[in-house]
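Listed after this line are the structures, all set down as structure tokens.
Heads up, the next two complexes both have subunit A, just with different partners, subunit B and then subunit C.
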Partner chain A sequence: MSNAIELQDLHYRAGKSFAFTNLNLHVPTGSIYGFLGPNGSGKTTTIRVVLGLLRPRAGRVTVLGRDMPADAPSILARTGFVPEQPHLDPTLTVRETLRFQAAFYPSWDRTWAEQLLRSFDLDERLPFGRLSKGQKGKVMMLLALAQRPELLVLDEPTDGLDPVVRRDMLTALVDYVSQREATVFISSHLVHELERICDWVGVMDNGQLITELPMDRFKSGIKRLQVVQAPPDLAGTPFTLLARESNGGACESWIVRGWEPEMTMYFDGIGASLQTVIDLDLEEGFVELLRTFRAPRG
Partner chain B sequence: MFRVILYSQWKWSRFIIGLGTVAGFGLPILSVQSATRTGDHPLQAGELLQTIQSWGALYPVLAAALAVLVAIATWAPDHRGRHVHALTLPLPRWRYALLRFGAGLALLAPPVLAVLIGAGLATALAAIPAGLQGYPVALAARFALAVGVGYAVFFAISAGTTRTASAILLVIGALIVIQVVARVAAVDLDVVTRLQILLVNWPGPLAIFTGRWMLIDV
Partner chain C sequence: MFDQIDPRSPTPLYAQIATRLRLAVAAAELRPGDALPSVRQLAARLRVNPATVVQAYRDLETEGFVEMRQGAGTFVRDVQPDKRASERARQAVALVRRMLADAGRLGVSVEELHAAITEEIEVRTP
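Coming up: the complex of A and B.
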């Protein structure tokens, strides 16, 4: 399987407080890759490195099979980008903004841009600076989609937008991906939103990629187990124990990763009893993963 | 690409260009008119030259003002968006900078043309005393050169980040401190004057702004 984005042993430092060391990340071609992480974890910095806006100290960045930043213009011609903060000329009207963007992209689809303009219900005569936050988000998405990119890089595109605008934007995104089989690299705080559309997930915290795996494995592998009479010391668990909390009495709640149904046998071996296995959704899995990652290691 | 960049810059600098064009057209006409209004008698050569010379100081001021303001307006849309949009466009950075530079230069053409037309009209309509003659083309060419040089310098400066601006200010501050220390210590060192000579005297980059700007001369 080829990768649309590949970061290898990336080193980057921004001031004294933030750095990546040995960051490795792989976004499979054709996937919708959800990039999760709390504020300040390095998501936007990673995206800026991917787009050649920031230059790493060491390591290799490959995007659509080419080296970034050496081949930046040819990569950017095939990449649509929606940034966290809209950054367009506030004096240009929506129509002028479209004309400006179209001049730089040979693959610009004029017909589809017009369709999106209508379906997003945007007033083409208004200057970009006078649009609402939701309208600005729609314009950014329109510009990214109308250039018919092979890769879409979206940095918290729906952050702070109302549910209707979010739905409109994500619908347009999913429609495009289904038509074109493009790769999408999307960062967001809205975990439930990513859960609906993504087939791969990467979790970042404090400049490190904690995990990167297909969404179904991520979701099925993290479980909450209700365990009774577990011994205090555990050895040789076949899964990774992320968290262990007492529910009062002999009952405990465990958060585990890498769970498989046949692992119930393990509890017989340690003299404990497994009462229930509960599926965690992406948000719960994400929170537990971060909690474990941040817990002091003994 | 050039057309859309030119249009985007036009929206940012149209008032500057408009005012600059009016001023560029009016300045030579006013300078000659003010000399003729000094009395009913025919223009005296000495009197005319004196008036033209005093008005001449305004040409480099207008050129510098236009250069600075248009250079700032050239980068304004990109600075507003922290250059993210420009840097994610699919073209090399040098080419983008060249397009911006060219668009700004093209927008400076109307004020330069206005100086040429205004100077041409002013000299054509005035009764110039014998022994003197008008230099509208030379004046307009010099104005164009001054605007171009000033624009290039300030285009480069205003392209920089806050860090670049801080570095420039730091260098200027350091020079002043060195000058003050040298004066207190009675050391024969005049850095500021030397720098001024280096910049303003030929072949310094700002030499074009100095000297006499005469629309009518011997």
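Coming up: the complex of A and C.
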């Protein structure tokens, strides 16, 4: 399978406080890739490197089969970007903004731009600077979609927007992906939204990609187990034990990864008993993953 | 028809969509020849990945519930009554398993469950 975005051994440093070393990331062509991570973990920086807006110190960035930044113009012609903060001229009207943007993209779809303008209920006569936050978000999404990109890069596109606007934007996004097999790279901390649409998940923390998996594997592997009378020392667990906490008495709560139903047998072997296996949804899995990743190893 | 689709559930979304449609066929809510929504329509309506809808439709096709006609769409096939009945029976077992698992977690005994089921059925059947 080819990758629409590939970062290989990337090194980047911004001042003394933030850096990533050896960042490797793969966004398969045709996937909707959810890029998760807390604020300040490096998501926006990674996105800016992907788009050639920041230069890495070392490593290789390949986007749509070409080298970034050497082939930046041809990559960007095929890539739609919705930034976290709109960067448009506030004095241009919505109509003027559309005309301005269209001039840069030979692939611009005028008919569809008009349809989106209507379905997003935008007033084309208003200057961009006078629009509400939700309307600005919709304009940004419209601009990215109407150029009919092969790759869409969305940086917190729905952050701080109301549920109705978020729904309209995601519906338009899904509609586009079903018309054309585009790749979507979307960062967000609205985890439930990503849970619906993404088929791949990458999790960033503190400049490192701590996991990258297809969504179903990410979700199915992480469980919370209630265990009674487990010995303090465990050897050779068939799963990865991410966290272990006492619930009082002999009862413990374990967070494990790579769980399979047959593994219940393991508990007979160590003289413990497994009470329940609880499924974690994406948000819980994400929180547990970060918590254990940050816990001091000992 | 798809109100119960829950992205937070550990059951994959494609399986939830397929189950819902299988039930609709089993209960004759969907009749032979009826068209399913297009992949594009259903994906946009549920705000899910179009690939998820395609996977659900493919599974249903493999099981013989629907037929995908190139360029025309996906249609419900003529499903024999005994197959419909066995699908409903399968769903009944799934419902009971879920209930037993929940009961176990909450510490409700099998006897207590039995009593509750009997009582509820008496209340609801005139």
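The rule we apply is simple: the second predicted complex is superposed on the first by the 298 of 298 C-alpha atoms of A that agree within 3 Å, B and C clash if a C-alpha of one lies under 4 Å from a C-alpha of the other, contacts with A are read in each partner's own complex, and residues count from 1 in each chain.
Everything below uses one rule, namely that a residue touches a chain if its C-beta (ideal position, glycine included) is under 8 Å from a C-beta of that chain, and two chains touch if they have at least 3 such contacts.
Fair warning: this is a prediction, and the values are worked out from it, not measured in the lab.
S.K.: Could you tell me whether subunit B and subunit C fit or clash when both sit on subunit A in the superposition?
M.R.: fit
S.K.: First (subunit B), second (subunit C), both or neither: which does A:Thr276 touch?
M.R.: second
S.K.: Given the touch rule stated above, what does A:Ile47 touch, subunit B (first), subunit C (second), both, or neither?
M.R.: neither
S.K.: Once chain A of both complexes is superposed, is A:Leu145 in touch with subunit B (first), subunit C (second), both, or neither?
M.R.: In the superposition, A:Leu145 touches no partner, neither subunit B nor subunit C.
S.K.: Looking at the overlay, does A:Leu209 come into contact with subunit B only (first), subunit C only (second), both, or neither?
M.R.: neither
S.K.: On the A-aligned overlay, A:Phe104 touches which partner chain: subunit B = first, subunit C = second, or both, or neither?
M.R.: In the superposition, A:Phe104 contacts subunit B only.
S.K.: Just subunit B (first), just subunit C (second), both, or neither: which does A:Ile32 touch?
M.R.: After superposing on A, A:Ile32 lies in contact with subunit C but is clear of subunit B.
S.K.: For A:Cys198, select first, second, both or neither according to whether it touches subunit B, subunit C, the two together, or no partner.
M.R.: The answer is second: A:Cys198 touches subunit C but not subunit B.
S.K.: Once the two structures are placed together by chain A, how many degrees is the angle at subunit A between subunit B and subunit C, based on Cα centres and rounded to a multiple of 10?
M.R.: Computed from the C-alpha centres, it is 140 degrees.
S.K.: Have a look at where A:Ile5 lands relative to subunit B and subunit C in the superposition and call it first, second, both or neither.
M.R.: Touch status of A:Ile5: no partner.
S.K.: Give, as a whole number of angstrom, the minimum Cα separation of subunit B and subunit C in the superposed three-chain arrangement.
M.R.: Comparing every C-alpha of subunit B with every C-alpha of subunit C, the smallest gap is 27 Å.
S.K.: Applying the document's contact rule, which stretches of subunit B touch subunit A when the two form their complex?
M.R.: That would be residues 1, 3-4, 7-8, 11-12, 77, 80-82, 84-85, 87-92 of subunit B.
S.K.: Spell out the residues on subunit C that touch subunit A in their complex, using ranges where they run on.
M.R.: Against subunit A, subunit C makes touches at 7-10, 12-13, 39-40, 43-52, 104-105.
S.K.: Where on subunit A does subunit B make contact in their complex?
M.R.: Interface residues on the subunit A side: 51-53, 72-77, 79, 81, 83, 85, 87-92, 96, 99-100, 103-105.
S.K.: Spell out the part of subunit A that touches subunit C in their complex, as residue ranges.
M.R.: 30, 32, 167, 170-171, 174-175, 177-179, 192, 195-199, 216, 219-220, 276, 279, 281-283
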